[in-house]
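What follows is one structure encoded as structure tokens, with my remarks underneath.
Letters are used for the chains, namely A, B, C and D, taken in the order the chains are written, and counting of residues starts over at 1 for each.
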Amino acid sequence: MKQPSGTLARYTVGARVNHWVNGLVLVLLALSGLALFHPSLFFLTGLFGGGILTRVLHPWFGVALIVTFAGLFFRFWRYNIWDRTDTQWLNRIRDVLAARDENLPEVGRYNAGQKLVFWLMTWLILILFVSGLTLWEEQLGSYFTIGQKRVGAVVHALAAVSIIGVWIVHMYAAFWVKGTTSAMTKGRVTGGWAWKHHRKWLREEAAKVQR
Amino acid sequence: MTNTWADIKNADLVVIMGGNAAEAHPCGFKWVTEAKHYNKAKLIVVDPRFTRSAAMSDLYMPIRPGSDIAFLGGVINYLVSNDKIHKDYVLNYTNAAYIVKAEYGFEDGLFTGYNAEKRDYDRKSWDYELGEDGFVKVDPSLQDPRCVYQLMKAHYARYTPEMVSRITGTPVDKFTKACEWIAETAAPDKAMTSMYALGWTQHSKGSQNIRGMAIVQLLLGNIGVAGGGMNALRGHSNIQGLTDLGLMSNLIPGYLTLPLDKEQDYPTYMSTRQFKPLRPGQTSYWQNYPKFFVSFLKSMYGTAATKDNAFGYDWLPKLDVTYDVLRAFELMHQGKINGYFCQGFNPLLSFPNRGKIQAALASLKYLVVMDPLATETASFWENHGVHNDVDPGQVQTEVFRLPTTCFAEEAGSLTNSGRWLQWHWAGATPPGEAKTDVWIMTQLYRKLRELYAAEGGKLPEPILNLSWPYSTPDDPTTDEIAQEINGKALADVRDLKDPAKILARAGQQLDGFAQLRDDGSTTSGCWIYSGCYTKKGNQMARRDNADPSDSGLAPNWAWSWPANRRVLYNRASCDLEGKPYNPKHALIEWNGEKWAGVDIPDFVATSAPEAGAGPFIMNAEGTARLFTRGMMKDGPFPEHYEPFEAPVENVLHPKVGPNPVARVFKGDLEVFGKPDEFPYVATTYRLTEHFHFWTKHALINAILQPEEFVEIGEALAAEKGVKTGDRIQVHSNRGTVEAVAVVTKRIRPLTVDGKTIHTVGIPIHWGFKGEARKGYGANRLTPYVGDANIETPEFKAFLVDVTKVAAAVS
Amino acid sequence: MSVLQHALDLKQSSATSGMAPAGEAVAVAKLIDISRCIGCKACQSACLEWNERREEVGVNTGYYENPHDLTENTWTLMRYAEVEQDNGDLEWLIRKDGCMHCADPGCLKACPAPGAIVQYTNGLVDFISENCIGCGYCIKGCPFDIPRLSQADQKVYKCTLCSDRVAVGQGPACAKACPTHAIMFGTKAEMTDWAGQRIEDLKERGYQNAGLYDPPGVGGTHVMYVLKHADQPEIYSNLPKDPQISPLVDLWKGVTKPFALAGIGLMALLGIVHYVRTGPNEVAPEDEEQARRTLENPKS
Amino acid sequence: MNMMNVTRRQLFRYSGTALGASTITALGFSPAAAVTAARPFKLERTTETRNTCPYCSVACGVIMYGKGDLAKQEQATIVHIEGDADHPVNRGTLCPKGAGLLDFVHAKTRLQQPEYRAPGSDRWEQLSWDDAIDKIARLMKADRDQNFIERNQDGQLVNRWTSTGFLAASATTNETAFLTYKVVRSLGMVVFDNQARV
């Protein structure tokens, strides 16, 4: 396998496209959702052509999210299975935040934080989807009781806030840990990045190359 | 109505029986709620169903359909045997003290003089004993066993509370409570009003149902007083007007009657109509009959009506029998009628026994329907599947369907139940080529006149001589016709007492019927309407709603017949001295010179109380009749007869079940059902969301009540395994209706003569035209039998069976 | 009357804060006196006619209610309950259902679209269709289950209390039509006073529990009922005994909103603080060197 | 005496019979006052015409609001019908039938032109008024001339026509009724009735 000197392939084109579409949808959902959530953000409906279109589009974005996220999920779920190292890593979260990588165990393809983001995204999207169905008056209004809809509304709001939080963590981590974004833009990371953050993965990749 | 809508607020007790005002007359029922709130009135409702009226009541009791006279007879018995009557009133203002002929009697359900073959009575014995002076003998002590009061007391002694309950199914305790409340209004300052409608009339003894309550009201002194009266809640907007104007087989406008065959000349005709007073000093207003009749003939035949030809008397058709609708459709069914006109009427759905009506219409040569809407009658030949299963190819009738305007597009007057003539104005352009009925009748008449003038034919004179005094003969205005109805002077009309005084100059509109003359110098289309369009203009168009006395009479709003009088017989609201019995709700009183008050006196205004004239001036007695002499075909006192289809035998007289003189044709008698086959009592009625067969054309009303249904009680539903919303079939001996079942607590089984009787309620509104869903129509079930006196069909009590429909049918 | 001239000035508007204070107006109310109501549906008819709404012609399902429920066109509906009393006597309790015009309207609270739901200073709560986005949040906010979403135009509708008529000094179409004056309209004070007279009459007739339904849980309502059995409003086709805006809706539209935004803001802030304090997490040249070695010799 | 266009420009008096003092009058702000009502009042610039409800015999007063004014020879269409608040019986109220009158006036099943159905036919044909009147008058005259009874079996003069009948309505005006009466009786018709019984 030929590769540019000193870099490693991390994401295929398909995975990257999938990710970015998913990301875009999530952002649209967040913006349209926030517009409908808080009056001070209602102006965001302008991005979607007004309140009515925002209301129409938001649930369809949700459907799109489920589809695109399913792609990501089936690509990545097996890399996100929790192991003992993850617990150790998480126990040393202070070292993580302080960037004292020397105190952390060697990490495989994903560290515990990334795995947490993955699973939180997964569960929150599921929760948002299901609670969102109860709120989709146009298509499904007659299938739910008002009581169910009220629970749905609260759950949807809380889950939405949570997922935005997770998303902020995700974004910030990519921003803070330099060299990360190229994985999703170019599909490759430098060896140094891999050595520093995913040493175990680097070793596995090196072993593969050797063979 | 003897009184008027808003006057109901003056009542202390309202009895709704034989009607359902809350549903059929909601805006009139308002005055019941006003009476309840402001006058602390109580409301009693007696009805087979727990209606919306019942929902508003203080006391509700169920009754088996067709047993009202038993109930009312029981009330009479209670009042008389407990001495709860308004004695002064009964003695002076009714015929209670009058002595009845010794030959009169009642036995085993029959009054004297019955002829079983003719199904009719010889009514000669039902009359008063006259003295040598030509006046009726009286016993003011009311003790003579032959006086009306004692005869009545004896007649109703059989109607004990237990007997009432046995016949009607009404619980004894509730019946007694109702009697107690009713009896309280015997006090001179208390009034009870009776509100009834087709729940009383649509029986084979409908007139006697009403007589029953009239007797109660007379015993209580509740006729002629504010908040009292017998208030017939007429069904249609102008059925009062059409009746007043005599659009019936035997009538001439103003309740004059068409001559009979035997009345070959004018003097003979008049000899039985100018009633001589039966007591000294009485007004007997019908003595003026010739004035009304001649004025009518003058308005019919104009200048062609002269003294020499008895004002065209010969041109009037003479009657052998009354050709009411039941007889009309019977004759049609026999093929004896070739042509028929329906002017805004839907007989295919309105008359009993749909199958017979359908066959009758199909035997016509031509049918002309004038209507704003596409009626079922006009389309009786169309096939609408189960809803009108007809083969058009087999129907040889030519049918014309002529579009007419509706209320919004025409001006004119309507007479409401309270006898108010209210003018209305057109506000819209008619749709398409729709024309007013006046225009259509004019074109028909003008064409016929043209044909008779050109070609001759049978008796052309009345056609050619018909008065047609309209400025544009091809298009008379309603304004002109209204003036014609009121009448005008053809020569100067002078005061009879002071001939120097001219009351109306030739050509002027008359002020009222007092100015009519029998010498041909006046015209008036309808004497009781005289005063509606006077020299002062169109009185019906008046719109001053001031009601200074707060009496509810609104004397300057529109115009009320007769003479703008709002409460009939109002002289009876005062005692013999002319003082109001109830000063709080005084209508008129004698002020020493004349009668005056918030209403127009129903009395000769200057006739002092001492003169002794009675308050019921139209009656030769001057008093009201507890005993009606020979005027009712089926007896001088109401008697309980069973409906022609009854679930039990007549426990009072098993040999005489139904009304022995009711209108029944051969062929119809045979199709009455028997209780072994048809065990349930059915009754038909209107729903508040609909008006007969019109409002199913109005989308809003179709939304509010979209589909035909039948109401049954929970007990019957349980027996049949029917849940609400299931489809059921209702069968009578004449047909079947299939509809949705509405299972309700509002209809409960009754115990009648020891038997459990279930009632089935059948709303009438469905057909196969309009916005609402198609339905079968209640008249597939109803029996072809009519009241003895006025031939109203017995829609309110007949027998049916009920079956559950297994699978849904479209 | 000058104070009344501002009757249809806005008091509250959905998803809008900091409104200019409106002129004072006298609170109005519609009083539905069930003891005088004959259930004739004149109000339903007048409502359809005045508001130019119509329905598909339905079916009979075995009950008098038609249509079978409130809809985007049927803003008021007669509901019928046959209730047997202890003595076996029947009562037919007929209730005109429709918007109660709560003083504290749950629909308005829930609505995210500015100006789609407004409350006028006289108390009427009105849906302004051109601002409605059809989200249906009002449906969840309403404690009485009143608003209905139109499948035709995806906007929510309910009784406006005929704000167009009230604006020109007329009463609502239903009150105008009501044959027995069971529906009255006037100032809330007058209506309360009149209700008192009616309750007195009912008590005289033996209805000891007669009373006024003006539920405090929603701040009182501008549509009130006179009930013969005010102690059991639920027998009137499930009229809620103590209606309140659902705690879930309070949670959703109450604390959740500021806390959520604060939470999101806080997350972002923490990121910034962390970044400022910790600086970028950069890959050092020695890491690259280590990686190169590893890739060349994975066993090392 | 034209009371058609009653000047009722003052705001409607809401005459709730129960409330002596009229509540709405108390609320009677002028339409000119600045109000922020979202909904335009649809009866501005309509013609008001007084009429009575054609259904039951309470004869409630109604006001019809129309576009166009017949008094000015314009085409007019009713857009709204409401109870007449001045009417002493209904006091502005209407029942479910009366409140839905507009849908009767504009019913899809309102007849638009004269129609004829031939014997055995399964459809309506349009025809002109002239043709309709001609045909009907011919049928009537033929039947009358053939079946009119001048004298009964006893030789008495009876002048009646029993083979064609006429069923008058229940909601036509008194003026229609009287004109109908005249025409019907002038022909000697006795099979004549109205809707009083049903």
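Just so it is clear, a contact is a pair of C-beta atoms (placed from the backbone, for glycine too) under 8 Å apart; a residue touches a chain by one contact, two chains touch by 3 or more.
Predicted model, so just to flag it, every value in this text is computed and none were measured.
The most central chain, judged by the distance from its Cα centroid to the centroid of all protein Cα atoms shown, is D.
Per-chain Cα centroids separate chain A from chain B by 83 Å.
The mean-CA centres of chain C and chain D are about 42 angstrom from one another, to the nearest whole unit. Averaged C-alpha coordinates give centres for chain A and chain C that are 38 Å from one another. If each chain is reduced to the centroid of its CA atoms, chain B and chain C end up 50 Å from each other.
Residue positions 26-27, 30, 37, 688-689, 699-701, 704, 771 of chain B each touch two or more of the other chains.
Among the residues of chain D, those touching two or more other chains are numbered 17-18, 81, 83, 90-91, 93-100, 102-103.
Chain C has residues 40-42, 44-45, 48-49, 179-181 in contact with two or more other chains. Chains touching one another form the pairs A-C, B-C, B-D, C-D.
If you check the complex, the residues on chain A that touch chain C are 6, 8, 35-40, 42, 45, 50-52, 54-56, 97-99, 135, 137-138, 141, 146, 149-151, 153-154, 157-158, 160-161, 164-165, 168-169, 172, 175-179, 190-196, 202-203, 205-207, 209-210. Within the complex formed with chain C, the chain D residues making contact are 11-12, 14, 16-19, 21, 23-31, 33-42, 80-83, 85, 90-100, 102-103.
Chain D contributes residues 1, 3-4, 6, 17-18, 47, 49-61, 64, 66, 68, 70, 75-78, 81, 83, 86-91, 93-105, 107-122, 124, 129, 132-141, 143-145, 147-148, 150, 152, 154, 156-198 to its touches with chain B in the complex. Contact residues of chain C toward chain A in the complex are 14-17, 112-114, 131, 133-137, 139-140, 142, 145, 149, 154, 246, 248-249, 251-252, 256-257, 259-261, 263-264, 267-268, 271, 274-275, 278-285, 287-292, 294-295, 297-298. Contact residues of chain C toward chain D in the complex are 1, 4-10, 26, 28, 40-42, 44-46, 48-50, 118, 120, 126, 128, 160, 163-171, 173, 176-181, 184-187, 190, 194.
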